[in-house]
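Each of the next two complexes has chain A plus one other chain: chain B in the first, chain C in the second.
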Partner chain A sequence: MAVKLAGCAVLHHVQLGQIDNRTNVAQVPFEIKVSETGVNTQEISALSRAAKNEVGNTARNAADIVSMFQIGPRTGDPIYDEHYAEKVLYLIHEKCPSGRVTGLVSIRETRKYPVISGEIVKITGYCMKDRKPAAEI
Partner chain B sequence: MMRVSFLFLALSVVGCAHSIHQVQTSDFIPYAPIESGRVVKGQAEQFAVLGFVFDTNYLNQAVDQLMAACPNGTLTGITTQMSTSLGFFSWTNKALVQGLCVDHQN
Partner chain C sequence: MRQGRHKSLGSLRGISLALAPFITLLVESCASVNSVSLTPIPAQRSGLVSATVSRTIFLGFNFDNDFVDKLALDLKQKCPGGIISGILTKDEVISYFLVFTRRVTASGYCSAAVAHNKHSTRSSASEDETSPSTDD
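Moving on, here comes the complex of A and B:
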(Lines of atoms letter the chains of each structure in order from A and count residues from 1; the text may use other names and numbers.)
(Lines give C-alpha, C1' and ligand atoms only; values in the text may rest on other atoms or scores of the structure.)
Protein backbone atom coordinates (compact mmCIF):
# COMPACT_ATOMS: atom_id res chain seq x y z
CA MET A 1 0.00 0.00 0.00
CA ALA A 2 2.89 2.35 0.80
CA VAL A 3 4.39 1.67 -2.63
CA LYS A 4 1.05 2.33 -4.27
CA LEU A 5 0.65 5.65 -2.47
CA ALA A 6 4.20 6.69 -3.36
CA GLY A 7 3.56 6.40 -7.12
CA CYS A 8 3.09 9.57 -9.12
CA ALA A 9 2.83 10.60 -12.75
CA VAL A 10 5.23 12.87 -14.60
CA LEU A 11 4.22 14.40 -17.91
CA HIS A 12 7.12 14.93 -20.32
CA HIS A 13 5.61 15.84 -23.67
CA VAL A 14 2.23 16.39 -25.30
CA GLN A 15 1.39 17.08 -28.93
CA LEU A 16 -2.04 17.73 -30.43
CA GLY A 17 -2.82 17.02 -34.07
CA GLN A 18 -5.38 18.15 -36.61
CA ILE A 19 -9.04 18.10 -35.58
CA ASP A 20 -11.68 17.25 -38.18
CA ASN A 21 -14.83 18.32 -36.42
CA ARG A 22 -17.42 17.90 -39.17
CA THR A 23 -20.86 17.08 -37.88
CA ASN A 24 -21.78 14.52 -40.54
CA VAL A 25 -19.45 11.88 -39.11
CA ALA A 26 -19.47 10.02 -35.81
CA GLN A 27 -16.24 10.21 -33.82
CA VAL A 28 -15.39 7.05 -31.90
CA PRO A 29 -12.67 7.65 -29.27
CA PHE A 30 -9.77 5.25 -28.93
CA GLU A 31 -6.64 5.01 -26.79
CA ILE A 32 -3.33 3.25 -27.30
CA LYS A 33 -0.88 2.79 -24.48
CA VAL A 34 2.51 1.10 -24.69
CA SER A 35 4.92 1.01 -21.80
CA GLU A 36 8.20 -0.41 -20.57
CA THR A 37 9.65 -0.75 -17.09
CA GLY A 38 12.35 1.77 -16.22
CA VAL A 39 15.00 1.10 -13.56
CA ASN A 40 16.69 3.85 -11.55
CA THR A 41 20.13 2.59 -10.49
CA GLN A 42 20.83 5.75 -8.50
CA GLU A 43 17.84 4.98 -6.27
CA ILE A 44 19.08 1.39 -5.91
CA SER A 45 22.43 2.78 -4.80
CA ALA A 46 20.81 5.14 -2.30
CA LEU A 47 18.59 2.42 -0.82
CA SER A 48 21.53 -0.01 -0.60
CA ARG A 49 23.55 2.62 1.25
CA ALA A 50 20.80 2.81 3.84
CA ALA A 51 21.08 -0.95 4.51
CA LYS A 52 24.55 -0.46 6.06
CA ASN A 53 25.70 -4.08 5.72
CA GLU A 54 27.94 -6.04 3.34
CA VAL A 55 25.11 -7.03 1.02
CA GLY A 56 24.04 -3.40 0.83
CA ASN A 57 27.58 -2.26 0.08
CA THR A 58 27.95 -4.82 -2.71
CA ALA A 59 24.59 -3.85 -4.21
CA ARG A 60 25.55 -0.18 -4.02
CA ASN A 61 28.85 -0.85 -5.77
CA ALA A 62 27.10 -2.82 -8.49
CA ALA A 63 24.50 -0.06 -8.98
CA ASP A 64 27.23 2.58 -9.15
CA ILE A 65 29.10 0.59 -11.82
CA VAL A 66 25.94 0.24 -13.89
CA SER A 67 25.24 3.98 -13.53
CA MET A 68 28.59 4.77 -15.15
CA PHE A 69 27.42 2.92 -18.26
CA GLN A 70 24.12 4.79 -18.38
CA ILE A 71 25.34 8.31 -19.03
CA GLY A 72 23.41 10.55 -21.41
CA PRO A 73 20.24 12.62 -21.71
CA ARG A 74 17.27 10.93 -20.09
CA THR A 75 13.54 11.27 -20.09
CA GLY A 76 12.26 9.25 -17.16
CA ASP A 77 14.28 6.23 -16.06
CA PRO A 78 16.44 4.07 -18.38
CA ILE A 79 14.73 1.12 -20.06
CA TYR A 80 16.15 -2.01 -21.63
CA ASP A 81 13.96 -2.33 -24.73
CA GLU A 82 14.14 0.63 -27.09
CA HIS A 83 11.67 -0.84 -29.59
CA TYR A 84 8.53 -0.91 -27.44
CA ALA A 85 6.99 2.21 -29.01
CA GLU A 86 7.85 1.52 -32.66
CA LYS A 87 4.55 -0.16 -33.50
CA VAL A 88 2.36 2.84 -32.69
CA LEU A 89 1.50 3.44 -36.36
CA TYR A 90 0.26 -0.14 -36.74
CA LEU A 91 -1.69 0.05 -33.47
CA ILE A 92 -3.51 3.20 -34.60
CA HIS A 93 -4.57 1.47 -37.82
CA GLU A 94 -5.59 -1.55 -35.79
CA LYS A 95 -7.93 0.66 -33.74
CA CYS A 96 -9.16 2.51 -36.83
CA PRO A 97 -8.81 0.29 -39.94
CA SER A 98 -10.27 2.95 -42.26
CA GLY A 99 -7.41 5.31 -41.38
CA ARG A 100 -9.87 8.18 -40.84
CA VAL A 101 -8.15 9.34 -37.68
CA THR A 102 -8.45 12.80 -36.14
CA GLY A 103 -7.86 14.62 -32.85
CA LEU A 104 -4.67 12.72 -32.08
CA VAL A 105 -2.97 13.54 -28.79
CA SER A 106 0.52 12.06 -28.32
CA ILE A 107 1.58 11.84 -24.69
CA ARG A 108 4.92 10.78 -23.21
CA GLU A 109 4.73 10.28 -19.47
CA THR A 110 6.30 8.40 -16.57
CA ARG A 111 4.49 6.63 -13.77
CA LYS A 112 7.08 6.80 -11.00
CA TYR A 113 7.49 4.34 -8.16
CA PRO A 114 10.43 3.73 -5.83
CA VAL A 115 13.36 2.33 -7.91
CA ILE A 116 11.19 1.41 -10.92
CA SER A 117 8.92 3.36 -13.22
CA GLY A 118 6.51 2.86 -16.07
CA GLU A 119 7.75 4.65 -19.18
CA ILE A 120 4.54 5.27 -21.07
CA VAL A 121 3.67 6.39 -24.59
CA LYS A 122 -0.04 7.07 -24.93
CA ILE A 123 -1.94 8.08 -28.05
CA THR A 124 -5.59 9.10 -27.89
CA GLY A 125 -7.74 10.06 -30.83
CA TYR A 126 -10.99 9.62 -32.69
CA CYS A 127 -11.88 7.25 -35.49
CA MET A 128 -14.39 8.84 -37.84
CA LYS A 129 -17.30 6.78 -39.09
CA ASP A 130 -20.15 7.81 -41.36
CA ARG A 131 -23.40 8.47 -39.57
CA LYS A 132 -26.22 6.22 -40.68
CA PRO A 133 -29.29 8.06 -42.00
CA ALA A 134 -32.12 8.15 -39.47
CA ALA A 135 -34.28 5.90 -41.65
CA GLU A 136 -31.71 3.02 -41.38
CA ILE A 137 -31.43 3.15 -37.59
CA MET B 1 29.13 -15.53 -3.83
CA MET B 2 26.66 -12.70 -3.30
CA ARG B 3 29.22 -10.18 -4.52
CA VAL B 4 29.89 -12.20 -7.67
CA SER B 5 26.13 -12.42 -8.31
CA PHE B 6 25.68 -8.67 -8.00
CA LEU B 7 28.65 -7.98 -10.27
CA PHE B 8 27.35 -10.47 -12.83
CA LEU B 9 23.94 -8.77 -12.69
CA ALA B 10 25.59 -5.38 -13.08
CA LEU B 11 27.66 -6.47 -16.08
CA SER B 12 24.66 -8.13 -17.71
CA VAL B 13 22.75 -4.84 -17.93
CA VAL B 14 25.72 -2.66 -18.86
CA GLY B 15 25.54 -1.02 -22.26
CA CYS B 16 21.94 -1.75 -23.11
CA ALA B 17 19.97 1.02 -21.44
CA HIS B 18 17.92 3.49 -23.44
CA SER B 19 15.65 6.46 -22.91
CA ILE B 20 12.67 7.30 -25.12
CA HIS B 21 12.25 11.09 -25.10
CA GLN B 22 9.17 11.52 -27.23
CA VAL B 23 6.92 9.73 -29.67
CA GLN B 24 4.61 11.90 -31.70
CA THR B 25 2.21 11.33 -34.54
CA SER B 26 1.39 13.61 -37.46
CA ASP B 27 -1.99 13.99 -39.12
CA PHE B 28 -3.47 11.13 -41.09
CA ILE B 29 -4.48 13.23 -44.12
CA PRO B 30 -5.13 11.99 -46.74
CA TYR B 31 -7.10 9.33 -44.87
CA ALA B 32 -6.08 5.86 -46.04
CA PRO B 33 -6.31 2.31 -44.69
CA ILE B 34 -2.95 0.66 -44.09
CA GLU B 35 -3.59 -1.84 -46.90
CA SER B 36 -3.70 0.97 -49.45
CA GLY B 37 -0.05 1.84 -48.95
CA ARG B 38 3.15 0.60 -47.41
CA VAL B 39 4.90 1.56 -44.18
CA VAL B 40 8.29 3.18 -44.84
CA LYS B 41 10.89 4.38 -42.37
CA GLY B 42 13.97 6.51 -42.01
CA GLN B 43 16.43 6.45 -39.14
CA ALA B 44 19.59 8.28 -38.17
CA GLU B 45 21.97 8.47 -35.24
CA GLN B 46 24.24 11.01 -33.61
CA PHE B 47 27.16 9.88 -31.46
CA ALA B 48 28.10 12.09 -28.50
CA VAL B 49 31.12 11.91 -26.18
CA LEU B 50 30.78 13.89 -22.96
CA GLY B 51 28.34 16.21 -24.74
CA PHE B 52 30.52 16.81 -27.82
CA VAL B 53 28.68 15.86 -31.01
CA PHE B 54 29.99 15.41 -34.54
CA ASP B 55 26.87 15.48 -36.69
CA THR B 56 24.35 18.20 -35.98
CA ASN B 57 22.00 17.53 -38.90
CA TYR B 58 21.37 13.85 -38.37
CA LEU B 59 17.61 14.32 -38.32
CA ASN B 60 17.77 15.48 -41.94
CA GLN B 61 19.18 12.09 -42.91
CA ALA B 62 16.16 10.34 -41.40
CA VAL B 63 13.76 12.67 -43.24
CA ASP B 64 15.66 12.22 -46.52
CA GLN B 65 15.49 8.44 -46.14
CA LEU B 66 11.75 8.64 -45.51
CA MET B 67 11.15 10.83 -48.57
CA ALA B 68 13.37 8.64 -50.75
CA ALA B 69 11.34 5.59 -49.75
CA CYS B 70 8.17 7.21 -51.05
CA PRO B 71 9.23 9.02 -54.25
CA ASN B 72 5.87 9.20 -55.99
CA GLY B 73 3.37 9.17 -53.19
CA THR B 74 1.99 10.91 -50.13
CA LEU B 75 3.27 10.20 -46.65
CA THR B 76 0.59 10.18 -44.00
CA GLY B 77 0.46 9.25 -40.32
CA ILE B 78 4.15 9.97 -39.74
CA THR B 79 5.38 8.90 -36.31
CA THR B 80 8.58 10.42 -34.95
CA GLN B 81 10.51 8.78 -32.13
CA MET B 82 13.46 10.49 -30.47
CA SER B 83 15.55 8.36 -28.14
CA THR B 84 19.01 7.96 -26.66
CA SER B 85 21.07 4.84 -26.12
CA LEU B 86 23.05 5.46 -22.94
CA GLY B 87 26.69 4.48 -22.61
CA PHE B 88 30.03 4.84 -20.82
CA PHE B 89 30.58 8.62 -20.76
CA SER B 90 29.08 8.69 -24.25
CA TRP B 91 25.70 8.16 -25.80
CA THR B 92 23.91 7.85 -29.12
CA ASN B 93 20.92 10.02 -29.98
CA LYS B 94 18.53 8.32 -32.37
CA ALA B 95 15.72 9.50 -34.60
CA LEU B 96 13.21 7.10 -36.12
CA VAL B 97 10.51 8.32 -38.49
CA GLN B 98 7.87 6.04 -39.98
CA GLY B 99 4.91 6.76 -42.19
CA LEU B 100 2.35 5.25 -44.50
CA CYS B 101 3.29 5.83 -48.15
CA VAL B 102 0.22 5.99 -50.35
CA ASP B 103 1.19 5.84 -54.01
CA HIS B 104 -0.70 8.00 -56.46
CA GLN B 105 -2.71 6.09 -58.99
CA ASN B 106 -1.91 8.32 -62.00
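Moving on, here comes the complex of A and C:
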Protein backbone atom coordinates (compact mmCIF):
# COMPACT_ATOMS: atom_id res chain seq x y z
CA MET A 1 0.00 0.00 0.00
CA ALA A 2 2.78 2.40 1.01
CA VAL A 3 4.67 1.44 -2.14
CA LYS A 4 1.58 2.12 -4.25
CA LEU A 5 1.04 5.53 -2.67
CA ALA A 6 4.70 6.51 -3.07
CA GLY A 7 4.25 6.43 -6.83
CA CYS A 8 6.49 4.46 -9.13
CA ALA A 9 8.55 6.43 -11.62
CA VAL A 10 8.63 5.18 -15.19
CA LEU A 11 11.16 6.56 -17.65
CA HIS A 12 10.00 6.84 -21.26
CA HIS A 13 12.51 8.92 -23.14
CA VAL A 14 15.83 10.69 -22.64
CA GLN A 15 17.51 13.06 -25.06
CA LEU A 16 20.72 15.02 -24.72
CA GLY A 17 21.45 18.21 -26.62
CA GLN A 18 24.80 19.63 -27.69
CA ILE A 19 27.13 20.45 -24.82
CA ASP A 20 29.22 23.61 -24.93
CA ASN A 21 31.82 23.19 -22.23
CA ARG A 22 34.02 26.17 -22.98
CA THR A 23 35.56 27.85 -20.00
CA ASN A 24 35.13 31.45 -21.16
CA VAL A 25 31.45 31.43 -20.21
CA ALA A 26 29.74 30.76 -16.89
CA GLN A 27 27.08 28.07 -16.93
CA VAL A 28 24.07 28.47 -14.69
CA PRO A 29 22.02 25.26 -14.32
CA PHE A 30 18.24 25.39 -14.62
CA GLU A 31 15.41 22.88 -14.42
CA ILE A 32 11.92 22.99 -15.89
CA LYS A 33 9.15 20.54 -15.15
CA VAL A 34 5.70 20.46 -16.74
CA SER A 35 3.11 17.83 -16.00
CA GLU A 36 -0.44 16.75 -16.69
CA THR A 37 -2.67 14.27 -14.89
CA GLY A 38 -3.24 11.00 -16.70
CA VAL A 39 -6.18 8.69 -16.00
CA ASN A 40 -6.06 4.92 -16.31
CA THR A 41 -9.51 3.74 -17.41
CA GLN A 42 -8.53 0.08 -17.06
CA GLU A 43 -7.85 0.60 -13.36
CA ILE A 44 -11.17 2.45 -12.97
CA SER A 45 -12.87 -0.51 -14.60
CA ALA A 46 -11.11 -3.00 -12.31
CA LEU A 47 -11.97 -1.00 -9.17
CA SER A 48 -15.60 -0.64 -10.27
CA ARG A 49 -15.80 -4.37 -10.83
CA ALA A 50 -14.60 -4.90 -7.26
CA ALA A 51 -17.40 -2.64 -5.94
CA LYS A 52 -20.06 -5.15 -7.16
CA ASN A 53 -23.01 -2.73 -7.11
CA GLU A 54 -25.12 -0.82 -9.64
CA VAL A 55 -23.00 2.33 -9.52
CA GLY A 56 -19.86 0.22 -9.92
CA ASN A 57 -21.32 -1.52 -12.95
CA THR A 58 -22.24 1.79 -14.59
CA ALA A 59 -18.76 3.20 -13.92
CA ARG A 60 -17.16 0.04 -15.29
CA ASN A 61 -19.23 0.19 -18.47
CA ALA A 62 -18.37 3.86 -18.94
CA ALA A 63 -14.66 3.18 -18.37
CA ASP A 64 -14.76 0.27 -20.81
CA ILE A 65 -16.36 2.44 -23.51
CA VAL A 66 -13.86 5.27 -22.95
CA SER A 67 -10.94 2.83 -23.15
CA MET A 68 -12.10 1.79 -26.64
CA PHE A 69 -11.20 5.30 -27.81
CA GLN A 70 -7.76 5.09 -26.25
CA ILE A 71 -6.14 2.25 -28.14
CA GLY A 72 -2.82 2.67 -29.89
CA PRO A 73 0.77 3.14 -28.76
CA ARG A 74 1.46 5.78 -26.13
CA THR A 75 3.71 6.58 -23.22
CA GLY A 76 1.97 6.72 -19.86
CA ASP A 77 -1.76 7.18 -19.33
CA PRO A 78 -4.10 9.26 -21.50
CA ILE A 79 -4.30 12.96 -20.59
CA TYR A 80 -6.85 15.68 -21.25
CA ASP A 81 -4.59 18.41 -22.67
CA GLU A 82 -1.90 17.11 -25.02
CA HIS A 83 -0.40 20.60 -25.48
CA TYR A 84 0.91 20.81 -21.92
CA ALA A 85 4.51 20.13 -22.97
CA GLU A 86 4.62 22.88 -25.60
CA LYS A 87 5.12 25.62 -23.03
CA VAL A 88 8.61 24.37 -22.20
CA LEU A 89 9.94 26.60 -25.00
CA TYR A 90 8.64 29.71 -23.22
CA LEU A 91 9.77 28.42 -19.85
CA ILE A 92 13.31 27.93 -21.15
CA HIS A 93 13.25 31.52 -22.38
CA GLU A 94 12.06 32.66 -18.97
CA LYS A 95 14.91 30.84 -17.25
CA CYS A 96 17.48 31.92 -19.81
CA PRO A 97 16.42 35.16 -21.54
CA SER A 98 19.66 35.32 -23.55
CA GLY A 99 18.70 32.06 -25.30
CA ARG A 100 22.25 30.77 -24.93
CA VAL A 101 21.44 27.35 -23.55
CA THR A 102 23.55 24.22 -23.62
CA GLY A 103 23.52 20.69 -22.27
CA LEU A 104 19.77 20.33 -22.56
CA VAL A 105 18.52 17.02 -21.20
CA SER A 106 14.89 16.26 -22.01
CA ILE A 107 13.27 13.56 -19.91
CA ARG A 108 9.78 12.18 -20.41
CA GLU A 109 8.59 10.22 -17.39
CA THR A 110 5.49 9.04 -15.58
CA ARG A 111 4.73 9.04 -11.87
CA LYS A 112 2.28 6.21 -11.41
CA TYR A 113 -0.31 6.27 -8.64
CA PRO A 114 -3.48 4.20 -8.28
CA VAL A 115 -5.89 5.19 -11.13
CA ILE A 116 -4.12 8.48 -11.89
CA SER A 117 -0.60 9.33 -12.98
CA GLY A 118 1.59 12.35 -13.43
CA GLU A 119 2.76 12.63 -17.01
CA ILE A 120 5.94 14.67 -16.71
CA VAL A 121 8.32 16.37 -19.08
CA LYS A 122 11.51 17.54 -17.37
CA ILE A 123 14.13 19.71 -19.02
CA THR A 124 17.47 20.44 -17.43
CA GLY A 125 20.21 22.51 -18.96
CA TYR A 126 22.69 25.33 -18.54
CA CYS A 127 22.26 29.00 -19.34
CA MET A 128 25.52 30.46 -20.62
CA LYS A 129 26.55 33.84 -19.30
CA ASP A 130 29.70 35.76 -20.17
CA ARG A 131 32.28 35.78 -17.44
CA LYS A 132 33.05 39.29 -16.27
CA PRO A 133 36.68 40.16 -15.61
CA ALA A 134 37.54 40.30 -11.91
CA ALA A 135 38.12 44.07 -12.09
CA GLU A 136 34.52 44.73 -13.18
CA ILE A 137 32.88 42.73 -10.37
CA MET B 1 30.84 -48.82 -2.56
CA ARG B 2 31.43 -48.09 -6.22
CA GLN B 3 27.73 -48.58 -6.96
CA GLY B 4 26.85 -46.06 -4.23
CA ARG B 5 29.21 -43.46 -5.66
CA HIS B 6 27.79 -44.05 -9.15
CA LYS B 7 24.28 -43.57 -7.77
CA SER B 8 25.14 -40.30 -6.04
CA LEU B 9 26.83 -39.01 -9.21
CA GLY B 10 23.72 -39.90 -11.16
CA SER B 11 21.44 -38.07 -8.74
CA LEU B 12 23.75 -35.01 -8.84
CA ARG B 13 23.56 -35.01 -12.60
CA GLY B 14 19.79 -35.27 -12.39
CA ILE B 15 19.58 -32.28 -10.04
CA SER B 16 21.87 -30.18 -12.21
CA LEU B 17 19.80 -31.08 -15.28
CA ALA B 18 16.63 -30.09 -13.45
CA LEU B 19 18.17 -26.79 -12.30
CA ALA B 20 19.63 -25.93 -15.70
CA PRO B 21 16.47 -24.32 -17.11
CA PHE B 22 16.09 -22.13 -14.01
CA ILE B 23 19.74 -21.05 -14.06
CA THR B 24 19.43 -20.28 -17.77
CA LEU B 25 16.28 -18.30 -17.05
CA LEU B 26 18.11 -16.26 -14.37
CA VAL B 27 21.17 -15.53 -16.49
CA GLU B 28 19.39 -14.99 -19.81
CA SER B 29 18.55 -11.42 -20.72
CA CYS B 30 16.52 -9.70 -23.41
CA ALA B 31 17.46 -6.25 -24.64
CA SER B 32 15.17 -3.69 -26.20
CA VAL B 33 15.79 -0.14 -27.37
CA ASN B 34 13.35 2.39 -26.01
CA SER B 35 14.47 5.48 -27.86
CA VAL B 36 17.37 6.88 -29.85
CA SER B 37 18.09 10.52 -30.56
CA LEU B 38 20.85 12.37 -32.37
CA THR B 39 22.03 15.98 -32.45
CA PRO B 40 23.67 17.57 -35.52
CA ILE B 41 26.92 15.80 -36.39
CA PRO B 42 30.10 17.92 -36.78
CA ALA B 43 32.25 17.90 -39.94
CA GLN B 44 35.33 16.91 -37.95
CA ARG B 45 34.51 13.66 -36.25
CA SER B 46 37.23 12.84 -33.78
CA GLY B 47 37.59 12.48 -30.05
CA LEU B 48 34.63 10.23 -29.36
CA VAL B 49 33.48 10.46 -25.76
CA SER B 50 30.72 8.51 -24.11
CA ALA B 51 28.97 8.19 -20.78
CA THR B 52 26.57 5.60 -19.45
CA VAL B 53 24.16 5.61 -16.54
CA SER B 54 22.04 2.69 -15.48
CA ARG B 55 19.72 1.49 -12.78
CA THR B 56 18.61 -2.03 -11.99
CA ILE B 57 14.96 -2.18 -11.00
CA PHE B 58 13.38 -5.11 -9.17
CA LEU B 59 9.75 -5.89 -10.03
CA GLY B 60 9.29 -2.39 -11.45
CA PHE B 61 9.73 -0.66 -8.09
CA ASN B 62 11.42 2.59 -9.04
CA PHE B 63 10.67 5.83 -7.26
CA ASP B 64 12.65 8.37 -9.26
CA ASN B 65 14.65 8.74 -12.45
CA ASP B 66 17.36 10.95 -10.99
CA PHE B 67 20.10 8.60 -12.17
CA VAL B 68 19.73 10.18 -15.64
CA ASP B 69 20.79 13.62 -14.34
CA LYS B 70 24.35 12.34 -13.98
CA LEU B 71 24.63 11.61 -17.71
CA ALA B 72 25.20 15.17 -18.94
CA LEU B 73 27.65 15.85 -16.11
CA ASP B 74 29.66 12.70 -16.89
CA LEU B 75 29.83 13.63 -20.56
CA LYS B 76 30.89 17.20 -19.73
CA GLN B 77 33.71 15.92 -17.56
CA LYS B 78 35.07 13.88 -20.44
CA CYS B 79 35.45 16.94 -22.65
CA PRO B 80 36.84 19.74 -20.48
CA GLY B 81 36.77 23.10 -22.23
CA GLY B 82 35.45 21.67 -25.50
CA ILE B 83 32.18 21.26 -27.33
CA ILE B 84 30.40 17.92 -27.59
CA SER B 85 28.25 17.58 -30.68
CA GLY B 86 26.74 14.73 -32.68
CA ILE B 87 25.42 13.27 -29.45
CA LEU B 88 23.71 9.92 -29.85
CA THR B 89 21.50 9.11 -26.89
CA LYS B 90 20.38 5.52 -26.60
CA ASP B 91 17.86 4.48 -24.01
CA GLU B 92 17.57 0.72 -23.58
CA VAL B 93 16.13 -1.90 -21.28
CA ILE B 94 17.83 -5.19 -20.47
CA SER B 95 15.38 -7.61 -18.91
CA TYR B 96 16.35 -10.46 -16.62
CA PHE B 97 14.23 -12.75 -14.45
CA LEU B 98 12.03 -10.41 -12.30
CA VAL B 99 14.61 -7.65 -12.73
CA PHE B 100 15.41 -5.20 -15.49
CA THR B 101 18.20 -2.72 -16.04
CA ARG B 102 17.48 0.68 -17.49
CA ARG B 103 20.58 1.92 -19.33
CA VAL B 104 21.06 5.29 -21.02
CA THR B 105 24.18 5.78 -23.11
CA ALA B 106 25.26 9.06 -24.65
CA SER B 107 28.21 9.36 -27.03
CA GLY B 108 29.42 12.33 -29.03
CA TYR B 109 32.39 14.03 -30.62
CA CYS B 110 34.48 16.29 -28.42
CA SER B 111 35.97 19.15 -30.41
CA ALA B 112 38.54 21.56 -29.11
CA ALA B 113 37.10 24.94 -28.18
CA VAL B 114 39.46 26.77 -30.56
CA ALA B 115 37.80 25.32 -33.65
CA HIS B 116 34.38 26.27 -32.44
CA ASN B 117 35.19 29.75 -31.18
CA LYS B 118 34.58 31.05 -34.70
CA HIS B 119 30.90 30.17 -34.37
CA SER B 120 28.67 32.13 -32.09
CA THR B 121 27.38 30.39 -29.00
CA ARG B 122 23.87 31.30 -30.03
CA SER B 123 24.03 28.99 -33.06
CA SER B 124 25.02 26.07 -30.88
CA ALA B 125 22.07 26.75 -28.63
CA SER B 126 19.61 26.81 -31.50
CA GLU B 127 20.98 23.49 -32.78
CA ASP B 128 20.09 22.00 -29.41
CA GLU B 129 16.50 22.98 -29.68
CA THR B 130 15.95 21.71 -33.21
CA SER B 131 17.74 18.40 -32.91
CA PRO B 132 15.94 15.52 -34.58
CA SER B 133 14.71 12.58 -32.58
CA THR B 134 13.26 9.18 -33.32
CA ASP B 135 11.23 7.05 -30.99
CA ASP B 136 10.60 3.34 -31.24
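Remarks
The definition used in the following text is that the second predicted complex is superposed on the first by the 131 of 137 C-alpha atoms of A that agree within 3 Å, B and C clash if a C-alpha of one lies under 4 Å from a C-alpha of the other, contacts with A are read in each partner's own complex, and residues count from 1 in each chain.
Convention: a contact is a pair of C-beta atoms (placed from the backbone, for glycine too) under 8 Å apart; a residue touches a chain by one contact, two chains touch by 3 or more.
Since this is a predicted model, take the numbers as computed values, not measurements.
When the two structures are aligned on the shared chain, A:K33 is found in touch with neither chain B nor chain C. By the touch criterion stated above, A:Q18 is placed in contact with chain B and with chain C alike. In the superposed pair of complexes, A:T124 makes contact with chain C only, with no contact to chain B.
When the shared chain is aligned, chain B comes close enough to touch A:G76, but chain C does not. When the two complexes are overlaid on their common chain A, residue A:L104 makes contact with chain B and with chain C alike. After overlaying the two complexes on the shared chain, residue contacts for A:V55 are found with chain B alone; chain C is out of touch.
Comparing chain B with chain C, more residues of chain A are touched by B.
Contacts of A:A63 after superposition: chain B is touched, whereas chain C is not reached.
Chain A uses residues 12-13, 15, 17-18, 89, 99-102, 104, 128 to touch chain B in one structure and chain C in the other. Those residues of chain A lying in contact with chain C across their complex are 3, 6-25, 89, 99-105, 107, 109, 124-125, 128.
For chain B in complex with chain A, the touching residues are 2-3, 6-7, 9-11, 13-29, 31-34, 36, 39, 48, 76-77, 79, 81, 83-94, 96, 98-100.
By the touch criterion stated above, chain C contacts chain A in their complex at residues 34-35, 37, 39-40, 60-65, 68-69, 71-72, 75-76, 79-85, 87, 89, 91, 102, 104, 106, 108, 113, 116-117, 121-122, 124-129, 131, 133, 135. On the side of chain A, the complex with chain B involves touching residues 12-13, 15, 17-18, 36, 39, 54-55, 58-59, 61-63, 65-66, 68-82, 84-86, 88-90, 92-93, 97-102, 104, 106, 108, 119, 121, 123, 128.
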